[in-house]
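Shared between the two complexes below is subunit A, which pairs with subunit B and subunit C, respectively.
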Partner chain A sequence: MNQNLKYFLFVIPAIAYIGVFAFFPSGEAVYYSFLNSQGQFTLSNYKELFYFNIGGTIINTIIVVSLALFLELLLGLGIAAVLTWEFRGKKAFSTLVIVPMGVATVVAAIAFSFIFQTSGGYANSFLKLIDLPTFNWYANKYISLLTVAISDSWKNTPIVALILLSGMLSIPRDLYNAAALDGAGPIRRFFYITLPNLKKFIAIALIIRGVSEFNIFALPLILIGYHPSILTTLAYDLYSTSTIYLSSAAAVILLAFISVFIAINIKLGGGNK
Partner chain B sequence: MNKIKYIIPIILALYFVFPLYIIVLIAFSPAKYTIETLYQPLIFKGFTLNNLIFAFTQYDFIGPFFKSLAVATLVGVLAVIIGIPAGYGLSRLPDRVAYPALVLLLITNMVPGLIVAIPISAEFIRLGLFDSIPGLAFVQELITLPLATFILRGTFSAVPREVEYQAKIDGASSLKYFMDILIPVASAGIAAAFLISWMFSWDEFTYAIILSPIHPTLPIEIYVNITRGNLLAAVAFALVFTLPVIVLTLFLQKYLRGEYLTGGVKA
Partner chain C sequence: MMRERRVLSPYTKSVLHYIALTIVSVIWLIPVYAMIINGFKSNLEVASSPVLVPPSHPTLSPYMAVAHVLETPIINSLIVAVIASLLSTILGSMGAYFFYVLSNSYFRGSGMLSNFLFSLIALGTFIPYEATLIPLTRFIVDINLLNSYPGLIVSMLIFYIPTAALLMSLFVTVVPKSLIEAARLDGAGDVKIFFKVILPLVIPGFISTLIFIIIESWNNFFLPLVLTTTPSMRLVPVAVEAYTGGYGTLYNETFAVATLASLIPLIIFIFLGRYFIRGLVALGGAGKGV
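Then we have the complex of A and B:
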């Protein structure tokens, strides 16, 4: 145990560091959210959030998170599946599809702000080219949120694909061979072998991405600004235009949602250590 | 079936390259084919360097560039300095002790940036760290330290304990063992931890916009240029800003695998 104590001492600086820079401010934010500008305890910050349509903001956030997760999972499954095939140029393909990971969010956001515009823009140029009607990518709240989700999923699909790929590679080839011998085609094999065996990996990808999706900030800020608002853009809007107490309250609501994901994550990890 | 094997990868690859292609297209095309027209052509109709020349002569690139460089380098150095002992300790501790520590690091990685940044901005103003290079680096370290620790833990786990015992028998002190044996053996992992930390800081937006708005880093400078309508400058900066990170990403492919990105959650 003495030996372990020595090793534990090595870890202390890192733990102390995150204690000072993560847990102390988080606690402070919760504390601030119950204060008024005179430093007295109050619930008025949370009440005031209703003037800023906190209910709608939460719903918008959940819509973006769900749409983005769905798209990432769909595309991620596609890429992971392709990466299990053998074909010429596979190396080039696997390199190209992780490129978005290296693209800063702010850069992705600019690119998509040129691609998706209310009228014109590269997406509509493309639709015109193939003789389809053009589309206003910000026609209403829901379409705006979808546009954000599409742009976000572009950047984050590679991570999901890599997680799913490690899952797919862990499925024994024998299962596929046996199924093929029994006459199951590629589509049936995908639904009856790949998907059920991937359940755990899908869950991990969803939870890890779910936490990050609640935090998306630069992308919605650049693409749609503060309307429709999501939790991060609302908190930032309040931070720049109002008191630190009110913006802390908005941030605490964000923290509450993320805590749910963190709790699931720990539980999931705890079952498999 | 054979045709599908090529068509699907090609479509997916095009999809993932398209936004970057658009950045390159706008950066090197005359404005009349890009931002000044409604339905822009999807291919190069002309080639010019004027956008880049204009952007780099008329707008401040150097200031934000060096701020980003300084912050990212400091973040990388801190990650290695704190991450090496932490990664080493965690690789040697039994799972029942290491696991809670890893979970703690994992949670930190998930705490929303805004909830940390908002109160810290008030503290930093009091401490004189607001808008400073170390101030921003200290906070960005929160994202990269857990990541660096996971990578280093993996690297050190691969070094057998017998090497340590042997070094002790041969009379090496703990410090000598660390400096002369462990660190050289783990140098690839250490480099990866440094570069990944560097990269995350280089791209980071949320902390940077709240904690360093007056002398911004490059991502914030790009954002400011968009909001002011200097679109061509934003695109030109974005291009130059992205290149080193893409090179690093491709270079670090091996380390950007699921296990690190999932923060050590095992399936």
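Then we have the complex of A and C:
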């Protein structure tokens, strides 16, 4: 029996590490968020967050997360579908597709800040080329958030595409052949075979990306700065300009949102069966 | 009866496919293209010529001018990313091996224990940096590791050990459990089984995980931003941000810095990307039990 339980030793480093360095600090952050500068229990940190427009920040965060996830799933499905075909140059194409993963987020942010420049940026030059009106990509809050979502989905679509591709390859070919024999066209096959069978992989992609989406920091910081703010930039802004207690409160709200998001996803995705 | 379709010869059809793919690939690569070509322009040309046009007089001077800015950060980043990713992949694989053995043993409560520990590790991947920011920074300061390699590596491991454990536990499930039983009958201990039986069989997965984590840690911006205080300890992303955010930075040098900063991850991806994709895609068949 002793011999058999030795394999427990293998998980102890990982668990101990996570416990000491991840759970303990997050617990401490929750604790700080309820303290005032005299070290007494208080709720005023959360109340004070309203002066920093916490409501609007939460809405902004949700807008960016859902827009980016939507774009990533859409593009990811398209790319994954193409990569299931056999064609010449497929290797080159798949390498091209994952290039954005190799580009540092900071670098991508800088490149996109040039793309979305109001005068002379790529985006506006392109719109002019096809005779569409150009516009100011930072004119208001919603367009700024859209800019962030577009840049982020460029950077992160590849990993979504790869997860979905791996799901698509696990669907038995026979299903498609049978459906084709019954006269189902490509579009119908996609909606009645591919999508239902991909459910679990879409859930995995949503969890992995969704959580990191709540955490995006470098992109919004460089593209739009602190305004309009999202939860991560607000927490960092408060960290550098205000008390650690206030900043902790903002971080705890972020933590709460991520937990809710994971819970919803696990519920919908049917758990880790 | 099949529906009527517009008749296209297979040849035209495949040409159309290629045209569509090319257009999509070009749009996809515009940010990278912009970065590279504008680094070869003079500053005047960046401002005056249309953005998509390649330089009329390509010059290397922007790259020369910024090379010294990134020299130290690249060495720093290499040290931190390589050590952190190796450590986290090995520790993560060990964790994955544990879950694999546990899922094949049937003592009372093994299922519950496995679920509990697995959720614990999975939760670790989801904790936002901002939540751990203050306690972690204080801790790193307390043990005198602020602004040092060990401090950066220790904090990166927090986020990458769970990632590695999750990815590796997907890969480890493909190893047939009869192999482990056979090794055990031959009297091999867990350490030996792990290093001699499991690791060699999951090398493709191990490499995918390693590549993924090297890239992620190379590109991590938040941790080095908070945990380094002097320019000589900066990692690449922070150095890039500091340089381009500076007053009066030239456009062409901004692009040159961006290109140089992405060089190593891009090279890794262009040459090893195939193995990365292969490893991940192999999960499609095997990952059903996960």
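Note that in this section the second predicted complex is superposed on the first by the 255 of 273 C-alpha atoms of A that agree within 3 Å, B and C clash if a C-alpha of one lies under 4 Å from a C-alpha of the other, contacts with A are read in each partner's own complex, and residues count from 1 in each chain.
Everything that follows uses one rule, which is that a residue touches a chain if its C-beta (ideal position, glycine included) is under 8 Å from a C-beta of that chain, and two chains touch if they have at least 3 such contacts.
Values in this document were obtained by computation on a predicted structure and should not be read as measured data.
A.B. asks: Overlay done on subunit A, so just call it for subunit B and subunit C: clash or fit.
C.D. replies: Here subunit B and subunit C cannot both sit on subunit A without a clash.
A.B. asks: According to the stated criteria, A:62 is in contact with first (subunit B), second (subunit C), both, or neither; which is it?
C.D. replies: After superposition on chain A, A:62 lies in contact with neither partner.
A.B. asks: Thinking of the overlay built on chain A, is A:202 touched by subunit B (first), by subunit C (second), by both, or by neither?
C.D. replies: In the superposed model, A:202 contacts neither subunit B nor subunit C.
A.B. asks: State whether A:184 touches subunit B only (first), subunit C only (second), both chains, or neither.
C.D. replies: A:184 contacts neither subunit B nor subunit C.
A.B. asks: Is A:168 contacted by the first partner subunit B, the second partner subunit C, both or neither?
C.D. replies: After superposing on A, A:168 lies in contact with subunit C but is clear of subunit B.
A.B. asks: Just checking: does A:91 make contact with subunit B only, subunit C only, both, or neither of them? Give me first, second, both or neither.
C.D. replies: A:91 contacts subunit C only, not subunit B.
A.B. asks: Is A:128 in contact with subunit B, with subunit C, with both, or with neither (first, second, both, neither)?
C.D. replies: first
A.B. asks: Is A:143 contacted by the first partner subunit B, the second partner subunit C, both or neither?
C.D. replies: neither
A.B. asks: If you stack the two complexes on chain A, which partner ends up touching A:268: first (subunit B), second (subunit C), both, or neither?
C.D. replies: After superposing on A, A:268 lies in contact with subunit B but is clear of subunit C.
A.B. asks: Identify the residues of subunit A that lie in both the subunit B contact region and the subunit C contact region.
C.D. replies: Residues 4, 7-11, 13-15, 17-18, 21-23, 25-26, 28-29, 32, 82, 87, 89, 93, 95-108, 110-112, 114-115, 120-122, 125, 154, 162-163, 165-167, 170, 211, 214-215, 217-218, 222, 232, 235-236, 239, 244, 247-248, 251-252, 254-255, 258, 262, 272 of subunit A touch both subunit B and subunit C.
A.B. asks: Show which residues of subunit A lie in contact with subunit C when the two form their complex.
C.D. replies: Counting only subunit A, the residues touching subunit C are 3-4, 6-11, 13-15, 17-19, 21-26, 28-29, 32, 82, 87, 89, 91, 93-108, 110-112, 114-115, 120-122, 125, 154, 162-163, 165-170, 183, 185, 211, 214-215, 217-218, 222, 231-232, 235-236, 239, 244, 247-248, 250-252, 254-255, 258-259, 262, 272.
A.B. asks: For the complex, give me every residue of subunit A touching subunit B.
C.D. replies: Its residues touching subunit B are 4, 7-11, 13-15, 17-18, 21-23, 25-26, 28-29, 32, 75, 78-79, 82, 85, 87, 89-90, 92-93, 95-108, 110-115, 119-122, 124-126, 128-129, 154, 157-159, 162-163, 165-167, 170, 186, 200-201, 204, 208, 211, 214-215, 217-218, 221-222, 232, 235-236, 239, 244, 247-248, 251-252, 254-255, 258, 261-262, 265-266, 268-270, 272-273.
A.B. asks: Using the touch definition from the top, list the residues of subunit C that touch subunit A in their complex.
C.D. replies: Checking each residue of subunit C against subunit A gives 1-3, 14, 17-18, 21, 25, 28-32, 34-35, 38, 50-52, 91-92, 94-95, 97-99, 101-102, 105, 117-118, 120-121, 123-136, 139, 154-155, 157-159, 161-162, 165, 189-190, 194, 215, 218-219, 221-222, 236-238, 240-241, 244, 254, 258, 261-262, 265-266, 268-270, 273-274, 276-277, 280-285, 287-288, 290.
A.B. asks: Across the complex, what residues on subunit B touch subunit A?
C.D. replies: Within the complex, subunit B contacts subunit A at residues 1, 5-6, 8-9, 12-13, 15-20, 22-23, 26, 34-35, 37-42, 82-83, 85-86, 88-90, 92-95, 97, 99, 101, 103-108, 110-123, 138-139, 141-142, 145-146, 149, 199, 202-203, 205-206, 209-210, 219, 222-223, 226, 234-235, 238, 241-242, 245-250, 253, 256-259, 261-267.
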